[in-house]
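Pasting a structure here, questions to come.
When the chains are written out, they are named A, B, C and D in that same order, and each has its own residue count from 1.
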Amino acid sequence: MAHYTIFGKDPYWMNFWGLMILTAIEVAAVGVELGDTITMSILIGIAIPKFIMIAAIFMHLYGDADSKILTMTALFPAFFIIVMVFFIGLTSPGSATELPAWCRPGYWT
Amino acid sequence: MKQNTLLRTLVLLTVLGLALSMAPQADSLPNGIIGQSEKGCTCHGAIPDSGVAPSIEGLPATFNASTTYTLTISFTGGPSGQSGDPHNLGGFNLAVSSGILEAVDDTVKIDGDQATHNGIDDDIDGNGIQDSIEAGGAAIISGNDYTSWLVNWTSPSSGSSTFTLAVNSVNGDGQASANDAWNLMAITVAGPSSGAAAEELQSADPFVVLVTLIIVSGILLAAVILYTFYRVSPDGFNWESFAPWIIEWLTSTDHKKVGTLYFLAGFFFLGVGGIMAMLIRIQLAVPGNDFLTQDQYNMFFTMHGTTMIFLAAMPLINGFANWLIPLQIGAHDLALPRINAMSFWLQPFAALLIFTGVFSGQAADVGWTGYAPYIVSETAHTGTTLWAAGQIMLVASSTLTGINFLATICGMRAPGMGWMQMPLFTWSIFIANLMLFLSIPAWGVGLIQVYLDRTIGTAFYHVASGGDPLLWSHLFWYFGHPEVYVVIVPAFGVISEVLATSARRSVFGYRSMVYAMAGIGVVAFIVYGHHMFTSGMSPTLRFVTMLTTMLVAVPTGIKIFNWLKTMHKGSLVYRTHTLWALGFLVTFTLGGISGMFFPSLAMDTHLHETYFVVAHFHYVFVGGTVFGVFSAVYYWFPKMSGRMMDEKWGLLHFLTGFISFNGIFWPMHKLGVLGMARRHHTWFITTDDYANIPAEMASWNLFITVSAFLFFFSNFILVGNMIKTVVSGKKAPADPWGGWSFEWMCASPPPTPSFDPHNPPVLRDANEHIASEPSRLGQWFERLMMPEDDSEVNH
Amino acid sequence: MSADYGHDHHDDHHASPWGPHDWSHGAPHNSFAPLIMSAGFAMFLYGFANVFIGGEVADLGALSGVMLGLIIITMGLLVWWRQDMSADGIYEPKATGAPFRNIDIRKVSMWIFLMSEMMVFTSLFSTYIRYRLGIQNCGEVFLSGEWVEGTSVVCFEPAAHLIASSWFHLAPGAVNTFALIISSFTIVLALKTAKMSDKKYADKYEIDMERVRTHRSRKVAMFLGSTLFLATLFLTLKMIEWFIGFPTPGPLTDLNHGHSEIASLYSEGYTIHANSYQHYAYDTSYHDGHDIPHDSALYSMMQAGTHPGGVMMADIRVGASTFFVTTGTHGVHVLAGMIGLAYMTLKALRGGYGPSNAVSIEYFGLYWHFVDLVWVLVFPFFYLF
Amino acid sequence: MGIASAAFDSLWNEYLVWSAIVGGFTFIWLAHHSLTYRSKEEDDDWVDVDGIEVGVFPKHNDNVSLELAWTIIPFILIVYLTWISWGPINDVWADPTDPDSQYGLDCTDAAADPNKCYHNIDITAQQWFWSFDCRDLGPSLCDASQYQDLNGTTVPVISLKEGEFYLANITSIDVTHSPWFVSFGVKEDAVPGLDSQVWIIPTCDEADCGGEEGESTLLLCTEYCGDDHAYMAAVVNVHK
């Protein structure tokens, strides 16, 4: 439970309105022709604060006595997530002969 | 009240029985035990279409002995062919149980006791090239283009003959499509009665052998359960006292009871997996053997791997974890007892799904790795679909187990037991569950993708639509590599406990043991690519995982040397569990060393998928995990049953088991290097034409098979020992071996709840200074982890 | 230390495996729920595997197996809930050791569970990223001109290309985003209401102390019920977006390019079986070809007469599978949440939640917020981009 | 004795030596301790070194320098083993466009050195059959027109010339397979939808190399592919 306020108001209400506004911006950003790069950066730029707002305020990862350790718990899989995204998401099959030069012994001598 | 419960139990059992009676429906799937060739072709839908009517003309009502009949096979119904293009109209497969089939013209080919149409994929002249390829696009005769065919059948001298005919009716576009259909008919024709004709001696169908043995094992298990009940209540051997007793076991959430259930399931499937291993070894005993058909062999090695890892090793480990974790950390039970019961009960039902295929004669045949796209290629093969379904349930079970043990070990340790005062077995279960818990979702997702690919037809592994077979390998091995550590790390924990206790020393380098296990836990996630060095994975990743895989040797080495040093200046008390622990050191070291050959790329291109690999992973799975489990059984059985095991039988078990184990797997190293490939239905020795596969292979394989049978039967000594112990063993004291951890504090067997939740035991530490003076790093960590003010947490 | 503590509070009460349960004696010792639910899951998966085989309906009769499975699972759930209905917060074990000392074990378990959920969605996202980057995008294939009319080309077609192309297609997804955020909010309000001490509650709503219990029950149930309603709305809109579509009468028809309904993804042909998918943007004659960018290879080929133009057909099964399975997995999580919410609303109506056990709402809320968080990622990556 | 490729053999021998050293060290230690430090149950002359007691976490039994020693020494050993395993990477996975590799360039390339160049061949896998395509290489370099009976199965025969370099382009038309040239110690999966490559350097023992056929060696399928996986073989003849 929250023991703090945002601008003197109930944090849940403030968080709720913040999320609604951010989502509205998100949808609007797609509706307006801005080009892929800009749209994408807006989408990512909004997803991150939304993510943090829900986790910190609704899920009580901010402001409670146990927030710190539970944040650590929530962040624990980060390493494994990164490994998975890099190893599975960002690789693609290839022939062994395409081994990049920096993996070859000759490159370093 | 009580009658009410009884009534409801009966209702429940009826419902469950009804549910299970659905299982025999597996037999109504296209093919029973006979094999899939009856469908003629696997690409025409999954179930027979009654719109297609097959017929056989020219059969007499009763046949005369050794007479040739010309049969006309035809069908009506099904999709209409493309107008003006008599191409690919249909096909058939005729199987006869006796008599000889002969082709009349080029449209039909004969294969043993089966006749089928000559497809465009065929090779009439037998030169190994498909006729269509040879013809280079020119028209060739294809039995596919007809709707009726002729065959000659020469009747046998006596008996009756069953004709099983499958026909395909297709629309002729050359592609599998929705309105392609097929149907099946069977007709039996009696022959001349010849009273004294000798029954032909039939060789046993290995599948029937397997199914029979499974059923027999199940009945034996039930008998053991009944006998146990008789032992606990000799006066009330009736339903009124049996029902509450069995309901107590079916519904219990007590960690000790659930642990015992895990043992029952684990040992049962260890036996079933063992039976399959024996059948596999019979097949491989001599070159060119055909004891098992190819299909059966493929099912057997698939089910052997799946059963041994997921239905034997994991439940046995979970059995020990269930029993011992609360006892070792001084907790009264696990954190979430009902969830714990749930993770157990998912397993037998998952096993039922996985084995449905065995009973319908069509088990999964994809290997325990289930590589795509083969796993999604034959969607009509229900055994594989249910294999995936059962594994999905096992994933759910492991996830729940993970939550439970992580929460228990994190949150329910007795006062005075910091992280660095936990018994090493508890540490090993903690690390193993953390690995399992974080890796298994990847496989779960992969399985769901496969299950959906096979059922509703998503296209994750549909290569023609751009699906990537390697995605499955990635998802599988992202889980699969941590998984192999999940089954070995608990054995590390067991050996640490057993060796230290037996040597009357505290384990050498407790902290480095913990760090080594944690190191293994982290490294497990970044090495999995070494299973895919030759699989077409991204070359950069192959290189990276080669480097990381080499790293695994370091923490494993630390552990082995620490164990050895633990014995130094100790007083090694030789008991059966000590022997198994020492045996573990030998076999695990050998398995570890052979493991070092694989990350070396230029060697792996030769060794991958050979018997060298088979030898390696059996050395670590059996020589590591199973020996660890045996050691743990002898070590903790007195605690669980309250009775001491027979040491003489134990010694006999160890000697026979250890020797025959090495007899099985040591020669396999050589076979692999010489050119025997894994998962091959059979192997051929040849004359000196092929220098690579020398004649001595035959001797070695026979030797392996004999050793395998010895190993299999040696384990009955353990079973016998356990039964003997329960029946007439000597009463066990609370601490028979002189261990230090909490489980030795309570009586044997422990009471329920194991410890009083309101008055838990307090761990004292012989090294007081460590607890009172955390290092700078420790202080920082403590500040980070602890709430500033404990009371505030309660809001 | 004596081992003679076998006769403490645990053995004093008769444990019923069917519930209800007296939680002042601790957690239930016996339960039929695990056994029944496991049987149900097996039955469900078995039936499902017989109904559908290889993308075709093989045996509709096996649907009875699927239904039977669901019924058995429900039976198990009912037993589980029957035992839980009386949980009043008296029995709430707390972690004893570092690092979670004094935190409810249930809360620790929930966070641990969320760790595995993170891995589930990471796996799905990794699949998506791998395919999205590994298979050529349909738009690029179209502009490259490497296709001929009448032959299907394999390419990755993100659902967003269809969905984000029109406000009407986007509407269900966008409304859903708001629905989930509002539902996250209502469940926090339920927690807040349940958590308030009786005194504070009476002061806030200016009611008598003895009316607090009934008043609070109604209010908590209302918030939980709103959450349930919003979740139902979410899944309904999802079905509309996937399969059903929605009429756009009157003036909306003009806005909707003259169509009188929002076509569902299914009727637009965006399905897991779509091996010859067509999209109006992949038609060279669309808007008389003015839509083809002049710097594209296709444009120069058509100008040079080396490409006849026409309609590109695409095999988009992989892209569609990733879309439906990822959003479907999220949908299943919403469904699971709905089942939990139904039970909690019922319990709230019966006055089951007060300050002593309001944490139950909080711990369910953790799951619910997590589902919301996943949607925060799913929405931009699958619906917008 | 040569087992597979030269790269394999040299690594194999080196690894065997180290395995023997590590294994021997461990087993001698194990044998010594398990015999020397036996408890003599009748005479209780063993000092209770650590004073183990139920419910008390025992005294630490550690020695940081020893533990560091068997962290660092194995680490050095595996760094060395990694180093020697890294060396042959250019043999097994050489870049075909790299003119400096031991294989040179494609022989049909005008810039290629005829004494050091490789030939392209194709291997296509399907259930359960191998198809070889020699492209336009003459029969003395590569011949894939023959078939022969191998234990009752008709399998294709490919004839290659010793001392030449071949780059096999591998693909599959149904499920995943993997050609394993048993005598040359190489394999690479044939994955549907993926074109991968593997280097083949045919070798044969002097004794068997003469004659028309040369030495016969085997090719097996080493990625499980269904029913007739075990029978999906081919014969590789190497001649001078």
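Just so we're on the same page, a residue touches a chain if its C-beta (ideal position, glycine included) is under 8 Å from a C-beta of that chain, and two chains touch if they have at least 3 such contacts.
Note that the structure is a prediction, hence the values are computed from the model and not measured.
Chemist: Based on the averaged CA atom positions, which chain is farthest from chain C?
Modeler: Farthest from chain C by mean C-alpha position: D.
Chemist: Going by C-alpha centres, which chain is most central here?
Modeler: B
Chemist: Counting C-beta pairs in contact, which chain pair has more, A-B or A-D?
Modeler: A-B
Chemist: Just curious, how far off is chain B from chain A if you go by their C-alpha centres, in Å?
Modeler: 38
Chemist: State, to the nearest whole Å, the distance from the C-alpha centre of chain A to the C-alpha centre of chain D.
Modeler: Spacing between the chain centres: roughly 43 Å.
Chemist: Roughly how far is chain C from chain D, centre to centre by C-alpha average, rounded to an integer in Å?
Modeler: Distance between chain centres, rounded to whole Å: 47 Å.
Chemist: In angstrom, rounded to a whole number, how far apart do the mean CA points of chain B and chain C lie?
Modeler: 32
Chemist: Two-or-more-chain contact residues of chain C, please, as numbers and ranges.
Modeler: Residues 1, 99-100, 102-103, 108, 112, 115, 119, 122-123, 127, 130, 134, 195.
Chemist: Would you pick out the residues of chain B that each touch at least 2 other chains?
Modeler: 417, 438-439, 442, 466-468, 470-471, 475, 534, 536, 539, 543, 745, 761, 785-787, 790, 793, 795
Chemist: Identify all positions of chain A at which a residue touches two or more other chains, and write them in rising order.
Modeler: 1, 66, 69, 72, 77, 80, 84, 88, 91-99, 103
Chemist: By the document's touch definition, which label belongs to this structure's chain graph: line, ring, star, complete, or other?
Modeler: Graph shape, chains as nodes and touching pairs as edges: none of the named types, so other.
Chemist: Return all touching chain pairs.
Modeler: All touching pairs, sorted by chain label, are A-B, A-C, A-D, B-C, B-D.
Chemist: For a test of understanding, state which residues of chain B touch chain A in their complex under the given definition.
Modeler: Interface residues on chain B, with respect to chain A: 438-439, 442, 468, 470-471, 474-475, 478, 522, 525-526, 528-529, 534, 536-543, 784-790, 792-793, 795.
Chemist: Within their complex, state which residues of chain B touch chain D.
Modeler: Residues 123, 126-129, 288, 294-295, 298, 365-367, 371-374, 377, 417, 421, 463, 466-470, 501, 503-512, 534-536, 539, 543, 546-547, 550-551, 553-554, 557-558, 560-562, 564-574, 582, 585-586, 589-590, 593-594, 596-597, 599-603, 605-606, 608-610, 673-675, 677-684, 686, 689-693, 735, 738-742, 744-745, 761-767, 770 of chain B touch chain D in their complex.
Chemist: With touch defined as at the start, can you tell me which chain A residues reach chain B in the complex?
Modeler: 1, 64-66, 68-69, 72, 77, 79-80, 83-84, 87-88, 91-100, 103
Chemist: In their shared complex, at which residues does chain D touch chain A?
Modeler: Spelled out, the residues of chain D in touch with chain A are 86-87, 89-90, 92-96, 100, 167, 188, 191, 194-199.
Chemist: Spell out the residues on chain C that touch chain B in their complex, using ranges where they run on.
Modeler: Going by the criterion above, the answer is residues 1, 3-6, 8, 10, 16-18, 26-39, 41-43, 45-56, 58-59, 62, 65, 68-69, 72, 75, 80, 83, 93-103, 105, 108-109, 112-113, 115-117, 119-120, 122-124, 127, 130-131, 134-135, 154-156, 195, 272-273, 275, 315-318, 320-322, 324-325, 329.
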